[in-house]
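Supplied in structure tokens, the structure appears directly below.
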Amino acid sequence: MDSKEISSKNKASFWSFKLSAHAMTLIPAAVGINYVAKAFAEGLKLPVWLGSLGTFLASMLAGPVAGAISGFINNVIYGLTLSPVSTVYALTSIGIGLAVAWLNQRGFFKRPVTVLPAAILIALVSALISTPLNVIFWSGQTGIAWGDALFASLVAKHVNIWIASFLDEFVLDLLDKTVVAYLAFLIYKQLPKRLVYFFKGTEE
Amino acid sequence: MRNNAEDLALPAWQAAIDPISKLLLILLFTLAAFTAGNLPSAIIVLAASFILALLTKNLHALWGMCAFSLFLILTMLLIQGLFWPGNHTAAFSVASLTFCQEGLDHAALLACRILTIIFSSSFFIQTTTISENARYLENSGLSYQQVYVLMSVCYILPQMQENLRKIQLAQKARGIAPAKSLLSRIKNLFPVLLPLIVKSFQQAMNRSIALQLRGYANPKRRAASLKQEYWKDKFCHRLLIANCLVLLGVKACLIIFN
Amino acid sequence: MSNNFQLTISQLSLRYLGFENLALENISAQSRGKRIGIIGPSHAGKSSLLALLAGIAGKMIPAKFSGSVRINGEELEAWRSQHEIALLLQDPASQLSGLADTVYDELAFSLLNQGKSDEEIESAVKRAADQLDLTNLLDQSPNQLSGGQTQRVAIATALVTEPDLLLLDDPTSQMDPLGRQHFFSWLEKLSCPFLLISNELDDLADLCDQIWVLKDGRLLMADSPQEIFRQLDDPAIDKPVAWKMAKKLKLKLDGRYPVNAHELKEAAENAN
């Protein structure tokens, strides 16, 4: 019996810029999930955004390019429909997508205990990219009440605006990214095998 | 971008400007707003973008977009007026709080920039439709795959909203009591989110298969014919990009020589 | 579109990567006629068979297969490169591109991919819409259609390219009885060969030249509808209503129970 092994033609190297046919539909779905998770967070009045859940899953399923593009498109579309200033934060979303994929490849999302350090790192990346944007556009504020209250109290004590803004952003990101990371971890484990294999395009 | 179900009924001149030029206009106004170094010039740029937004005759949508950022602008005025490092000239006092001119000016400058971005974006948003943008982008040289990744999201979001609504209704019907603590609220999230996500990814998988079967990547593919004739689109692109570069140059000079 | 159609499958096995069980196990069959119905309980491998024929299993979904598949004497890959196969997925909503403004644009999509001109597209779309009662839906958004309408649009997208082989995976699952009736009467007039997965056993028994029965990845039987339902005795696999009625009424035709309405009528007339 001759065995014809047909490897998936859509496998590209981990960092390749060529978008596979699978990522083509995964990305819009991920953006949809970002939107829905955010709507949920708002509806349930959670103190977190959850708006990067889809980006996390896209990165875990299909690598850094898919994750980064999901994040980018998320902000661009959000910016062109609801809140135009969101577009610049596409840079943050790209950073998150890349960081998640890099950490996932190193196995940080395999066990619950390693998800936390991954979340901290991702929060750090997010805060580092967002802070300059916050300073340029919003003079350091983030728009979230209790974060900006922290910011105001720091600035009142003459703390440097960059440090105050970074802390404002980092504290918010830490909580948000931890919740999202654990949600993504749990959801990924429950995804049907066929789905995971399809988007990964693995060869045996 | 508007949904095509709504009839646009645009004045001819608005319809004749191609989507990429409208996007470049946003870039131009944004750069102009950032090049304006002081409040009076920023207000002039703001006024110009406001006039552009008014031309779409959709004040309701415009207000909706501004309202989003209004809270942040107000808190910015508050915080910067009170605490900005460069504060030294008092403007006015409320109770025991003294608001300083420099902080208020700085916050007002930033507010002008944000509103300029919003107003110029509104022109693009109110005068284009998803399918027109998709067609034009593909005719301009983007591959179908690239256009698909950018634009199909706009159709997916309403579908996701619908799926979400159905699931929430089902949850209500089952009588899930609203939880009190943060942890239990997050716990309630999971059983609703998981099936929604699995379904979305399964549909994405099927859709990818269907698109491949239908030959989207066929080298013979041609872009759908444009339904609208645009006025000198290539010329407009070059003109707008040139203006953007000029503004970047001006800003660079201002930074270097200040 | 050729009128000759000969599908020969020899010792075909298929395994999806990451799964231990075989989706298809050692299937050998030869088609007779142009219309083949495929029946069987769930997880029988019916969709996998169509997926393999369409080039999905293996190319788009990672899988290993062994054995051979030939159409009109040519290897499947070679035949596929020269001919058009259209596959209708089980979920009609996913069949649509997701980036079409109107039903017309949706149908035109497959033709744009082939580089057809606007005039060719217009006539092909109108023809397909006509065949499936979609003419007054052409200007509507695909997102606003009912389940049955979406399914008809999905079928039209498969038809619009005038395929040489049509593969249909449960195409009437979301239709009401009237819609199903229209569909099968339209399918009867279709000239291209097709493989059809369905639970509508009476319609299959009426329409198909041959029925293949799959269970747990294996082929149990491949024969004419009459022979299949005469010999088949598996509780997991249902029988046509006509057969069940004939059995109750003890009406036989040529020593076996009728499998469709025509035969039932004939058997009843013979009995009187």
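In order of appearance the chains are A, B and C, and numbering begins at 1 in each one.
Going forward, contacts are C-beta pairs under 8 Å (C-beta built on N, C-alpha and C of every residue); 3 or more make two chains touch, one makes a residue touch a chain.
A quick note: this is a predicted structure, and the numbers were derived from the prediction, not measured.
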item	value
Chain contact graph, described as a line, ring, star, complete graph or other shape	complete
Interface with more contacting C-beta pairs, comparing B-C to A-C	B-C
Most distant chain from chain B by Cα centroid	C
Chain A and chain B, separation of their C-alpha mean positions in angstrom	19
CA centroid of chain B to CA centroid of chain C, Å	45
Whole-Å gap separating chain A and chain C, where each centre is the average of the chain's CA atoms	42
Multi-partner residues of chain B (each touching 2 or more other chains)	148, 152, 156, 159, 202-203, 205, 207-208, 211-212, 216
Overlap residues in chain C, where contacts from two or more other chains coincide	60-61, 98
Residues of chain A touching at least two other chains	21-22, 25, 28, 194, 198
Chain C-facing residues of chain A, complex	1-10, 21-22, 25, 28, 193-194, 196-198, 201-204
Chain B-touching residues of chain A, taken from the complex the two chains share	19, 21-29, 31-33, 35-37, 39-40, 43-47, 53, 57, 61, 69, 73, 76-77, 79-85, 137-139, 141, 143, 148, 151-152, 155-156, 158, 161, 179, 183, 186-187, 190-192, 194-195, 198-199
Chain C-facing residues of chain B, complex	4-5, 130-131, 134, 147-148, 151-152, 155-156, 158-159, 202-203, 205-216, 218, 220-225
Contact footprint of chain A on chain B as seen in their complex	1, 26, 65, 68-69, 71-72, 75-76, 79-80, 82-85, 106-107, 110, 113-114, 117-118, 121-122, 124-125, 145-146, 148-150, 152-154, 156-157, 159-161, 163-164, 168, 182, 185-186, 188-190, 192-194, 196-198, 200-205, 207-208, 211-212, 216-217
Contact set on chain C toward chain B in their complex	54-56, 60-61, 86-87, 89, 91, 93-102, 105, 108-110, 112-115, 118, 141, 143-144, 157
